[in-house]
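Letters A, B, C and D mark the chains as written, and numbering starts fresh at 1 in each.
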Amino acid sequence: MISVLVFLPALFALALLCVPRANASLLKGIALAGALGTFALSCVLLPVAPAGAAQEVSDWIHGAVGAAYHVRVDGISVWFVLLTTFLTVPAVWAAFSYRDLARLRGYLVLLLLFEWTLLGLFTAGDLLLFYIYWDLMLIPVFLALVAFADTPSARRAAWGYLIYNLAGGLVLLAGVIALVLHTHTFEVLNGSFPFTPVLQRWLFAAFALAFLIKTPVFPFHAWMPAAYTQSPSSLVAIISGVQSKAGLYGFIVFALPLFPDAAQYFAPAMLVLAVCSILYGALLAIAERNAKTLVAYSSLSHLGLVLLALFAFNFTSLPAGVLMIVSHGLIAAALFLLVGFIEERTGTNELAAFGGLAAVAPRLWVYMLIAGMAVLGLPGLSGFAGEFLILIGAWQTQPVYTSFALFTVVLAAVYALRLLQGTMHGPLRVPADVPPPRDLRPRELGLVAPLLVMIFFLGVWPAWLNDRVPAQNPAIGHTTALVQPR
Amino acid sequence: MPQVPLNLYLELSAVLFIIGVIGFLLRRNPITMLMAIELMWNAGNLAFIAFARNFIDMSGQVFAFLVITVAAAEAAIALAIVVMVFRRRENADVDDISVMRG
Amino acid sequence: MTIQGVNFDFGILGPISVLVITGLVVLLVDLVGRAVPRVVLYGIGVAGCAGAFIALAPLYGRSATTVNGAFATDRFSWGFSAVLIFTLAVTLLLSSLRNADDGNSPASYAALLIFCTIGGLIMAGATTLIGIFLGIEELSLALYVLAGTGYPRPASEEAALKYVLLGSLASGFLIYGSALLYGSAGSVSLSALSAAASSLPLLFVIGFGLLLVGLAFKLALSPFHLWTPDVYEGSPIAITAYMTVAVKAATFAVLARFVYTVFGHDSVALVPLWLLAIFSMLVGSFGALRQRNLKRLLAYSSIAQAGFMVVALSGVGEYGLSSLLFYLVAYALMNLGAFAVIAMLGDGDEAYADIDAYRALFYRRPWVAVALTLFLFSLAGIPGTAGFYGKVLLLEQGFAGGPWGIALALALIAGSIVSIYVYFQVVWAMFVPQEGEQPVTAGNSWLTWVPVAVGVAGVVALGVIPQVFVSIVSSSM
Amino acid sequence: MADFFLGAVPLILLFPLVGAATIALFGPYVQRSASAFIGCLSIGLSFLLTVGTSFVIFPLSPAQQTLYTHSKFVGYWAHLPPDLIIGFRLLIDPLSLLWMLIITGVGLLIHVYSVSYMASDKNYRTFFAYMNLFVFTMLLLVMADNFLWLLVGWGGVGLASYLLIGFYYDRPVAVLAARKALIMNVIGDVGIMLAMFLMYAHVGSVSYQNVFGHVATIGTSALTWIGVWLLLGAVAKSAQLPLQTWLPDAMEGPTPVSALIHAATMVTAGVYLIARAHPIYDNAPAAAELVAVVGGVTALFAATIGCVQYDIKRVLAYSTMSQIGYMMLAVGAGAFAAGAFHFMTHAFFKALLFMSAGIVIHALGGEQDIRKMGGLATRLPFAYWTFLVGAVAIAGIFPFAGFFSKDAIIDAVLKLHHPYLFVFTVVAAGLTAFYMFRLVFLTFLTGAYRGDHEVHAETERTMTVPVAILAVLSLIGGWIVLPHHDELSFLLRSTFADAPFPQSMADFNGWLSFGVLLIALAGIAFAWVAYQWRPQIAAALHRSLGGVHALLTNAYYFDTIYHWLFEWPVLALAQWLRDAFEVDAVDALPALALRAGAYFGSLSNRWETGYLRRYGLTFVVGAALLLFIYLFVAHGATAGAAP
């Protein structure tokens, strides 16, 4: 069942390959059906949260170091799975307006393959499987970027994305192998293994480097702005919405439970990095002149907050981190999609080149307002819920770092308003060569609406999600061993 | 008559070997270089035979015979290749044969 | 059967005998019939390979010696022999392309390839210094000639000349090293050497050092690699493909035999080998970064890959040999596959040696591009391919292999990181939309589809269900 | 009946929300008047329910007056380990009821007023949607039963205020003003968040009940910090020092918005917060003192600025700031009932002032500069008289509402021994009277009309009726507190039962109020002298006090100071990070790696010269090195192996 879910998008991708490239409508239909079907199937897994877990194990590799084909979904990973399947639907739908219809088929195939690798990662119950998907997910994105690489910056984006993440992946591989030589199996979940402190630190460092690069976290984010800006918005919606969570997922599910002592040892460093990303991302978003890149930097800032939640080692902040992960996935996807719609209308994302769209596109204005306020952290929207619960938790154990992080609340207001007012308000300006922009079409309204609804829903009732996140997931169990609950 | 001690043979072979190496490095004519290489191989042969005599063991001599035979074949092939090169160029200075690099 | 006190077990010598006969048959057919079409001759060759396989099959998992113990079939020989024969078959298929080896007599070409492989088989099975020397020389002498068979191109004869001169130089070191080893042990059999290896007397150290130089030359380990790019670029594509795999297979058989029978578990005595490996990984990976000629790029990559394979031996561990063999099989599949694609597209000639010829190939020949992409992914070690699991096995050996092993493993990681760009720049060229200059020819011979298909199937299978091959390999020893 | 109203309390909250949603979703498909109707209707229904509820609540005994709604839907907003529980509940008690009455009541009047005031605007529907959204969030703010939902409402009113200040979004000035307002409000939100962090740390909850119930267990220092952080939120929302600079700019919004949000309701949320959190301030004297000081200083500070402004709405904005200063002073000093009282009366007369000013602006086609007015008393008599009522009320002239409420505050300040603050209040009272009548004279009297627009008559009933109602309320609104008979503090007694000071304003200090009245009259007299009887006096004052005048006109240069103190450094840092650091440091690493890779690559390629002899040489040297190393290692090995 889980395997079916994981490979369903890949199957639909294969189906797409059998359709003639010219038959656009059929292509779109199949792709959307694939995304929707996967989402529907993934909803069946919801009941496993919070306590339960669904597993499928079958014999795979034995020998010097054994590995099983082990897929599993538990109260933590189900949220990543649902996020993936939920965000892929609007992404695929948004891809219908892909700029080059001749290559629409290839692009849709890559999107679905990307979803497959992400689902595989979040359901992997075995370290080898996890690693396989960890690297595999880079390929569809890289190919999509290559198919786009007609400018030097796009070229740099593609190479930066690939080399940074693959290099991190190889470091992770070294860590994985060194780890399994002591566990003698890739089946490391829910087992605690006695490592010497030194070994623990080395392994944690190897894991953490890969995770920090993929998230990304300052100062490993050099690949991120370019990649986010250059990839089509439907793709970057998934990259920033889901793929950027892979590293955090790795921390929660592998690094923290496996190396609790090393995690404690490195916690100050990680917290410093987290605070740096939070403030640095916010400041760069303030100074940024390109709407897409601005959103990219804002997500750098918000994911730093999740890192803070993880390494504050606090009962409250960790489940709040999961909430923040989901919420940020929704917000980032919505914003990137909306910015993409703007780009389709104005042909650019440079804030200097256009503005005042609210006058001609009231619906777009409403959508941008909701998404913008969510990223600003307006109370009542999911962004605030995640932020606030993380901060109130982290404050209890790490007041100093948390108070630094608090500045981001104000900075977020600054850049969110820059984005909102820069694109929507002021007198109407569009580049000379483009026609006056149209308001959002029904398709565009429809595909973003679910995201906004969820943003509202999780903002008004975050407990719906947090009640379904295991309070005592392994990471919390291990890492807060030293933290006294008040 | 007195035995020539083993180490004299070895020293001689070592000297021959080094001469061969130096010759290979200094010469630019492939034929000469091949001769230098023959010198190295025969240094090996000398060592083999000396050891064989030392151990009163045939296998060393067998090895030497094999080396001599292979050397003949190898020389033939090498000369053929040199001739093939000659056919295009009038001279066969190895320094001129450096199209591929990098 | 026994001739003058020397016993010959033609069961053990089966593959060699079959290939010998095949070679002679090829020559005879060419002699009697006039203008025999190339395909027939190569067909005979391929049939011979099949026969050799059939002869090899019963030796699976067997361990026995013949020729008074000078030649053995055992865990060191079987797998490597299989790889050698497979390589021969693929090479013959690639050579059958229209533009391949013009201006040569196909019969002698095929026979040379076959005898070459016989040399490799001898190396794999030889248990004495004499046998090793004999095998190496037979392999090398034939290759010197084959390297020159791209005759009309000056590069080819340059390759031949460089190869023959440097090869003979290396042989000189090999011979002299063997002599000193013989002197240190009083016997040419490897088993006798292990006694000397335990105490490392001066003669042994110098002797093995010199021998190692000779082997390192064959493996193209840096700093004895300088000939590799030129020779690989100059030789015809089929021969280059053959060299990259067959020579490695045979020489690694020898090396593994040395490491396991002579040195046992004393990996310190092999420090020079480890240093060579680390150096090769870096030099090969970096050297490939700026190459625009695909053959040359793969030459540098093969330097690095040779270094990778050494990592398998670093622990001298229980699974070291099987890991080495697994990676060798993977390498044979992906490398031969890549060369097969190059050869196919150029129909045997160099049209597709230049990376720029691959511009937007995906949009012209999607399936070929996908196949080549797969091979390159495997070379780069992308998960789901044979190369990836091979690397996993290598790293397991490395990290388990003490300080030197860890150093080697880390060097492997570093090399892989560097070579990301190496392999992906080709992928890039194939998928980047804007068209490059149209290529000269774009052949599509079904004969070369065979190795490509085999390569694809193998690369995927070894990557997705490695267990099957791991068990085959490990129970072959 | 009672059960009906208590059961319907959630509807008070929901009607405006439903109204806003309806207008937003279906507004474009129905005619303009329909959305206006929906807007007014929803507020009207909330108002009726509120009135009904208050008739149920106020008669009850103090013990029963505080009640929490239990909606059918039982759940938590958040329920996180170890013990963070935040629920969905509404709180109804006299304090929140008072605010709800004003919000819905005045809100209804202003909605009706807007029907014709905004009639000509192209975003008519949007306006009503925003206004309803505001009323909803404001009600949420006062009906929340814990600090989190208070913060949700708090942010919500901030959003509504942002949207309405920036309502004319094609005016860059309006856009900037809106941005400024929202950012400053977010700073306030951070303050409230910090306060909540401390509450959670010490009490393990953020609900009023638990926090106020365990105030005793919290240390005084922590309590003081909580108070200070709450105050930060309050000053941001209520435009008190030092976060006051956004309010004058907020006057860029439509006049009804200024009346509702930036005079009557939202800006008093700070006062509500302090009054609501009075158990904290009762036990943290230092924090309470700070509140009082902030309030008193702001009252005087804003009043001085008000004396020199020429934009009619800005004058009113500064007077709002000053009047809220009075309220903050009152709640800070512990006279919570007095603060609430002044909030009520101020809501009446300030809304009145804005709306009659709105009539003037409307009639003059958007003109706001009083130098371009004058002599309008004859042309706009209705506006004149209503504005006069408001002015008299705010100036604190007997028997108008302002007299009673302001007097209660000054009285309390004196009683509670804040001598210097007492002086501030008295001086501010005089200044208030002065600048209000300066406004009256310059706008309606003082010679002939100086503007260039022709003056439209004031006809629309929907505009005049609400203004008239408010005028009446400004007159009688204060009579709820009369000597020896204080109805208000009686109504509020249950909320402030545990306050340390008696809340009753019944004991009436006649001499004091007489003195304050005289001071107010003096202010009026001076305004009359300087602007009506002998205008050259004002001119002479400007000349002689040029420096002071410039200082006041520029509001003590706060904007400039803040720009150079906060805005500029942050932006400069951000720019530097973007243009220098990101490029030179963050991208430097990969760039360096690439260059290194290319370098090593070229190294390994340049080695490959193609010259055979170079190859041979390398080969031989390599072999020699290898031998050397091997010998070295082997000897080390044997040496190591030797026993």
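By definition in this document, a contact is a pair of C-beta atoms (placed from the backbone, for glycine too) under 8 Å apart; a residue touches a chain by one contact, two chains touch by 3 or more.
Quick caveat, the model's predicted, so the values are computed rather than measured.
Undergrad: Indicate the lowest number of steps between subunit B and subunit C, counting one step per move to a touching chain.
TA: 1
Undergrad: Quick check: more C-beta contact pairs at A-D or at B-D?
TA: Result: the pair with more contacts is A-D.
Undergrad: Which one chain sits nearest the middle, judging by mean Cα positions?
TA: Chain nearest the centroid of all protein C-alpha atoms: A.
Undergrad: Need the CA-centroid distance for the pair subunit A / subunit D, whole Å please.
TA: Averaging C-alpha atoms per chain gives centres 36 Å apart.
Undergrad: Using mean CA coordinates as chain centres, what's the gap between subunit B and subunit D in Å?
TA: Computed value for the inter-centroid distance: 97 Å.
Undergrad: Mind checking the centre-to-centre distance between subunit C and subunit D? Centres are C-alpha means, answer in whole Å.
TA: Each chain reduced to its C-alpha mean, subunit C and subunit D end up 78 Å apart.
Undergrad: Provide the C-alpha centroid distance between subunit A and subunit C, rounded to the nearest whole angstrom.
TA: Whole-Å distance between the two chain centres: 44.
Undergrad: By the touch rule stated above, which residues of subunit C touch at least two different other chains?
TA: 161-162, 165, 169, 173, 229-230, 290, 421, in rising order.
Undergrad: So which stretches of subunit D touch two or more other chains?
TA: In subunit D, the residues touching two or more other chains are 605, 608, 610, 612, 616.
Undergrad: If you look at subunit A, which of its residues touch at least two other chains?
TA: Subunit A, residues with two or more chain partners: 163.
Undergrad: Which pairs of chains touch each other?
TA: Pairs satisfying the touch definition: A-C, A-D, B-C, B-D, C-D.
Undergrad: State the interface residues of subunit D toward subunit A in the complex, per the touch definition above.
TA: Result: residues 24, 75-84, 126, 148, 151-152, 154-156, 159, 166, 169-170, 172, 175, 178-179, 182-183, 186-187, 189-190, 193-194, 196-197, 200-201, 204, 570-571, 573-575, 577-579, 582, 585-587, 589-590 of subunit D touch subunit A.
Undergrad: In their shared complex, at which residues does subunit D touch subunit B?
TA: Within the complex, subunit D touches subunit B at residues 605-606, 608-613, 616-617, 620.
Undergrad: Within their complex, state which residues of subunit D touch subunit C.
TA: Counting only subunit D, the residues touching subunit C are 597-598, 600-605, 607-608, 610, 612, 614-616, 618-619, 621-623, 626-627, 629-631, 633-634, 637-638.
Undergrad: Can you list the residues on subunit B that touch subunit C in the complex?
TA: Those in contact with subunit C are residues 10, 13, 17, 20-21, 24, 30, 33-34, 37, 40-41, 43-45, 47-48, 50-51, 54-55, 57, 59-60, 62-63, 66-67, 70, 73-74, 77-78, 80-82, 84-85, 88, 94, 97-102.
Undergrad: Can you check the complex and tell me which residues of subunit C touch subunit D?
TA: Residue positions touching the partner: 161-162, 165-166, 169-170, 173, 199-200, 202, 205-206, 208-210, 212-213, 217, 223-224, 226-227, 229-230, 266, 268-269, 271-272, 275-276, 282-283, 286-290, 300, 418, 421.
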